[in-house]
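What follows is a group of structures, each given as structure tokens.
Each of the next two complexes has subunit A plus one other chain: subunit B in the first, subunit C in the second.
Then we have the complex of A and B:
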């Protein structure tokens, strides 16, 4: 067999960082060896802090390994990073687009930087613009593009010349399913047409499924490597789907399964049922008791299942002290509320920015204690709707009430009813964990013993012990999010607003996050959440799908799936979503965002 | 009420923590004011200390020599060239070697002895009109005293009229004396304006402002919580400059500290209101910074710090009425140097109150209803 030399060979690489504030050394990468075959697609997967980005940056010659050798395209990167950089392309997580320059100007700029000749540009541009569907937007400033379009432009800029190796660092974080699918089509096409070698890091396991080879990293170490099939093998004959009784939301069963770490490795809601992985040595009786008569069928293992098995071998999911969760939190209005009471009412809501209609005449209502999901592609109007509900943005017209008030005009006191967690970490980074909690506690009128008591409770509830004096801005990602949740729940609000809380987080953290959300809803907190992860819609009681400002679907996840493909739809949530949005775009092809996906 | 005060106090505490926890901030809050007060104290002065001049004495008599000796006797003037012909004048002035040329005509002594008036001609480099003007003043004084001495020597009688100056509030007419009290106001304005302008913009950029807006704080409360710490820091800046003026440059303070600080507090309130309004309309810190810089220049130019307001064209004088710094500089200088009470400067106090009364509520309103 005539195999080309590997495009990248790493042997026994180490990388350590000194954390200035603490004086401690962190082992970001420990003894990693791997090979990337020329002309193939290879994935680095792993939870946050696994060392994926560090590894890619070293391969791009932006960082030197402390020990070990790293050969890229036959060149020692440490010795001659420039020679490597001349032949590879690297797309960092946040690609450096110039927001005020147009799509075309951004492309020109990167072509100039890489010295692409005029003759080559013409043909290259035509091809890239066609693949990214950006041809119609060449005059639009990059800052005005939606998140998905920006990411596609970033990829196009990275590909203005033909690199011999393409390094992609989490290219699909924060991108909706439609744009995600398109991004992968572009990458795949480049591999097929130009025999491009690609090394991609990702937190989405379904993306890694399409790669020739997968390296699973965990806390800087190599946990496993192989084809997706090899990784799937780990969960062989352990995967099942359990369908609970009709009147029971699947997330209740899912939470119960997940809490029994002794029997169950992983459980997620899926298509109105619960998909779970059992442990090898599980006690059948105990499992039966857990399932409580739910219908069970064995299913094929997926890459994600294998990955979860691998991770669980490392350490168990932090067992959640659900008792603390449930006793700690009593939404103030709970006593007089019953579950049929409407807590959020939206009628004919419209929001315009100039002549652009971001939210177009939508109506829905949310009942107390519901988990309500707002879904839609980038730029569909979810965030605008969300901000209007929180009172951060005035509506152009329409009726809007949260817990009996329009928060935009209501007296400040009405805002005590809501908690808000924004997409980006939005607490004071220089202030310590305790200082942030104290400040926001007082903002909600808590003081003295009551404040101390509440802070103690949320610290336990969100596992923040031991971090009291750390500056919040320097906490690891997971802690930041838990702190943001703790702050939002300090005053026991009736409604909790969460804007894309799981964007860019790994499956493990998403499980933990949803376990907490499920527990919160059990005790009567209403939750409004936006998300890009369609499978997360399965945790919701009801969802809406928005696109181009319009409301396309509203109902339980099952109802929405049925809307896409009739009753007993075989589609999963992501397929249903793509089908619903796609259909709507086809029907009225001139919606402001419809152009995005059409060639 | 207790609840209100408690919540405001924790907002202020948060604001101060956020400002002082940033090491870069801590440096910015002390050193620039310190350095600038020294810089202004030493470097920015209209007082002449060193005037190079050239002499073209075509008479070369005893009297002209005596006149020049008087000039050379001052520490201010020193001769850099002694010219021979008229054609040399252009050269020394053009090259900047001499600021002025003194020309004494060939018939100087003859004219004097004949009882006629004898001209002493000055050729000035007026590219710097201020310095040239001051130099003329100094020379006139020397020539005056020469005249007085000569008249009494010749006729035995004193001159008919003499001017006796007593410079009140600044006996030696030192620029430093009116500049440094002015700086007590202007430097604190720059800092307070900048800090206020960045405060909301920074929170908007970091996303924390949304988090603040969803809490039960009302816009007025947020405004108060942001204004108080910034006013405190503005007053701290004033104190730094005040200390330098009092203890380093030893400029005696005639008025009371209480009056001074009441005036300064009102002024800082007005500046912070301005800064917070800028901050509320800015989308990010870069914009806030840009607006602030655009504003600081005209604020200082139209304040009377460097040039008196009454020298300005009528229309600009009206514009200065919107400038808090104009009133503050007048107030501080009068309290510091003259020692007047609050009632005497009530015409400064009332405009400052009006400006704060407009800008602070405006900022609060803009927090929620940003125009842009």
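Then we have the complex of A and C:
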């Protein structure tokens, strides 16, 4: 029997965009050729700006390629986009659910548009609602669902009928691990049951691991393609786990390793140790000196390791500029007081919205210089807690003190000790980098020489030199985030709040980001951070896990992992998280039942 | 072969209708659930009817006028009596011009009518003069007061003519305001309420539709919708249908208010009024859809709709200012606006009757605009993101 023709064939595709503001042309996609085999799961991976979304939009007939040919289901999509759109399903990054319509009405709309018959609907709805755990919420307006539920409803809407090709654009961005796992279970089940052909773009490398074929994109070009095994192959025999001495936090070793770009390709904290990839041609003595007696064991390469090796091979990829981080080590900001000083004190904090309790009686404290992580599924009360800590939202009851000031009485003073970086870019896009710094500096009461001096320092600290006059809105994503952090630290706050700073960013940028964060904490800045990447919790000194407003776990990453599953079974943080949240939900008898953790 | 083609055509035809029904149902649900839509679509028209019907009136009632009577003759007294008869002016008799000027400066009177001491002598000679001074600080009020006084004087002159007296001297300077031809009671409500229909249709058609369509672009709801068998025409029709109904509801409210609240007479045909209103509503919807598809942004669409349709419909269509009295450039702009033709048509239908040449001409122009703008809307609304 012949193999079915590929569902998608792209040959030598080019796409250029003209940026109106600068008059420059950007090559979003350069000479990409790829094939998606029918009945398989194919992944597009790559950093921000790799061209993943553009490629998917062209496949969906929403954009035209400038050069090259693109065949979807045997149809030239440029010539007849409607014929393709009749047969495929597409889930954009931001799935546009209608907030005013209920779950059922959203589903009905898409079923009507795709011409799903009433008879087919009955069976399909039951199955989709069962898989998404939305059966109890069919009457609820989509706008009132949590982020994870919205995403699942979006997927359900694209799956109202079995499409001949399913395009998913970063379906799990900003979704907690629990919902993420559920989303993938739905996709997997559809592939198993209906031999669905899926092309998915993702920044999560562990998701690409389950795909039959992976295309690695970088700045619009194809870096590598193959099975996950092929990509893993590139990091073969280069991966190790180093366990530092008990009194040493792993992130210190991790930072040391990452800084030596000559010997080390990548290093991340993992389960109380450090996982690293060495270079092929590394000098053993130098490596030993770096490891400083830590216990080293070779481990198998993962897809992410292969990906990091690939990225580092790119000559134009800048390694972390350690010199910049050096400047952060001789700052004007000196650690004041000892590190045992409690800088944030929260006791019996409650926040109610009407009769809904978003934050239910939580207590914890944070010491100066700590990196403190808030973890929890979508809708767990993280954001509410976060906003109360920043003084953006008053508490219903309880005690809340930041840097010695009670947030209930002295909110304005307390706020002066806080730097806040929101999830979205909240600076003025049409002002230049310097103008933004000047404006926010003066808003915090800095002026004259002091303001100039502080601007100079943060510009060096966050490597913004050479971008002074660029309009902030047109900076690449990484620069924007650095600028936002620079602005938040202008007035030398004692505490820096970061709300999901790494959502939707690729591993490379996340490494850079965390390297900066660890450097900041070393000079005495306290960091409060929320994240959906559970492995990032390993960078934190201590974390809390919240769900349904309640505090479920509090402690060092090691303690939290131990709480989840005894001491013997080594869980990674994501498994620990799923286990803790699942357990709590099962006990309370609400929400979907806990899923079996992976073996 | 031909049979299968027919079947597939039929299938395509059926799915067109089921998609359209589904999209329209979605649109109506959203319309009913989003409170701000209802406020603009129904609340605002009611408010406008009340404001324009009761609050805003161009009428001046019992305007205080100083009458300086320097001629003691019975003829002059007769003129004053004529002024006193008018319901719109209340004359205050005085003997010295000095005193009248003081009242005028104190803004206690809106004007001065001076009947000079040689009035009756010159009337006999055929060149009598009466001085009329009007307080010009409020130009439109001044014009109205002047018209009232002129009217009162001309009526007196006519009575004199009836009596066979040579009294037409005063009438020589008098012109009768044209607008009074079809507004015998001179009630501005009669004039404003039909105009309101134009404003409300513009509001619902252009403004509200531009906003709801731009909202879809902005929230990204169209991206997923595009990658489905939906055709752009269906998306546009689904927007047009509910907002067309809201617009007709506004028309209904205006007609009821005109008939029962303000008792505006209607001389023309209701059917023609309905047909021409539908035409104009389609024009307004076309403007709204073009604006939203071009801007793809709620704020911008809202501003643009306001500036390009609502404001001109209010200021330049002849709603408040007669286009014949404005500078040529503005008149040309006014005549480029579809609102102007609808305004002219609807006022004629209300206050004058079925003037067929005007009906044919303006309906043809409105149809042209509707076809042009809806065609343009279809052209700019494409399933494209780049």
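Here is the rule we use: the second predicted complex is superposed on the first by the 558 of 599 C-alpha atoms of A that agree within 3 Å, B and C clash if a C-alpha of one lies under 4 Å from a C-alpha of the other, contacts with A are read in each partner's own complex, and residues count from 1 in each chain.
Convention: contacts are C-beta pairs under 8 Å (C-beta built on N, C-alpha and C of every residue); 3 or more make two chains touch, one makes a residue touch a chain.
None of these values were measured; they are calculated from a predicted model.
A.B. asks: Looking at the superposed three-chain arrangement on subunit A, would you call subunit B and subunit C a clash or a fit?
C.D. replies: They clash.
A.B. asks: One more residue to check, A:90. First (subunit B), second (subunit C), both or neither?
C.D. replies: The answer is second: A:90 touches subunit C but not subunit B.
A.B. asks: With both complexes superposed on chain A, which partner does A:415 reach: first (subunit B), second (subunit C), both or neither?
C.D. replies: It touches subunit B, and subunit C stays clear.
A.B. asks: Between subunit B (first) and subunit C (second), which does A:127 come into contact with in this model arrangement: first, second, both, or neither?
C.D. replies: neither
A.B. asks: When the two structures are overlaid on chain A, which partner does A:98 contact: first (subunit B), second (subunit C), both, or neither?
C.D. replies: Second partner only.
A.B. asks: Should A:426 be classified as contacting the first partner (subunit B), the second (subunit C), both, or neither?
C.D. replies: First partner only, subunit B.
A.B. asks: Output check: A:442 vs subunit B and subunit C. Expected answer is one of first, second, both, neither. What do you get?
C.D. replies: After superposition on chain A, A:442 lies in contact with subunit B alone.
A.B. asks: May I ask you to decide whether A:390 touches subunit B, subunit C, both, or neither, giving the answer as first, second, both or neither?
C.D. replies: Touch status of A:390: first partner only.
A.B. asks: Flag for me the stretch of subunit B that overlaps subunit C after superposition; candidates: 3-11, 21-29, 129-137 or 237-245.
C.D. replies: 129-137
A.B. asks: Would you tell me the residues on subunit A in contact with subunit B in one complex that are also in contact with subunit C in the other?
C.D. replies: none
A.B. asks: For the complex, give me every residue of subunit B touching subunit A.
C.D. replies: Within the complex, subunit B contacts subunit A at residues 3, 6-7, 9-11, 13-14, 17-18, 21-22, 206-208, 210-218, 221.
A.B. asks: Taking the complex as given, what residues does subunit A use to touch subunit B?
C.D. replies: 387, 390-392, 407, 412-416, 418, 420, 422, 424-431, 435, 438-440, 442-445, 447, 471, 487
A.B. asks: If we count contacts the way the header does, which residues on subunit A are in touch with subunit C in the complex?
C.D. replies: That would be residues 17, 57, 60-64, 81-82, 85-86, 88-92, 94-98, 100-101, 105, 108-110, 112-115, 141, 154, 157-158, 167 of subunit A.
A.B. asks: Note which residues of subunit C are touching subunit A in the complex, please.
C.D. replies: Touching subunit A from subunit C are residues 15, 18-19, 21-23, 26, 29-30, 33-34, 216, 219-231, 383-386.
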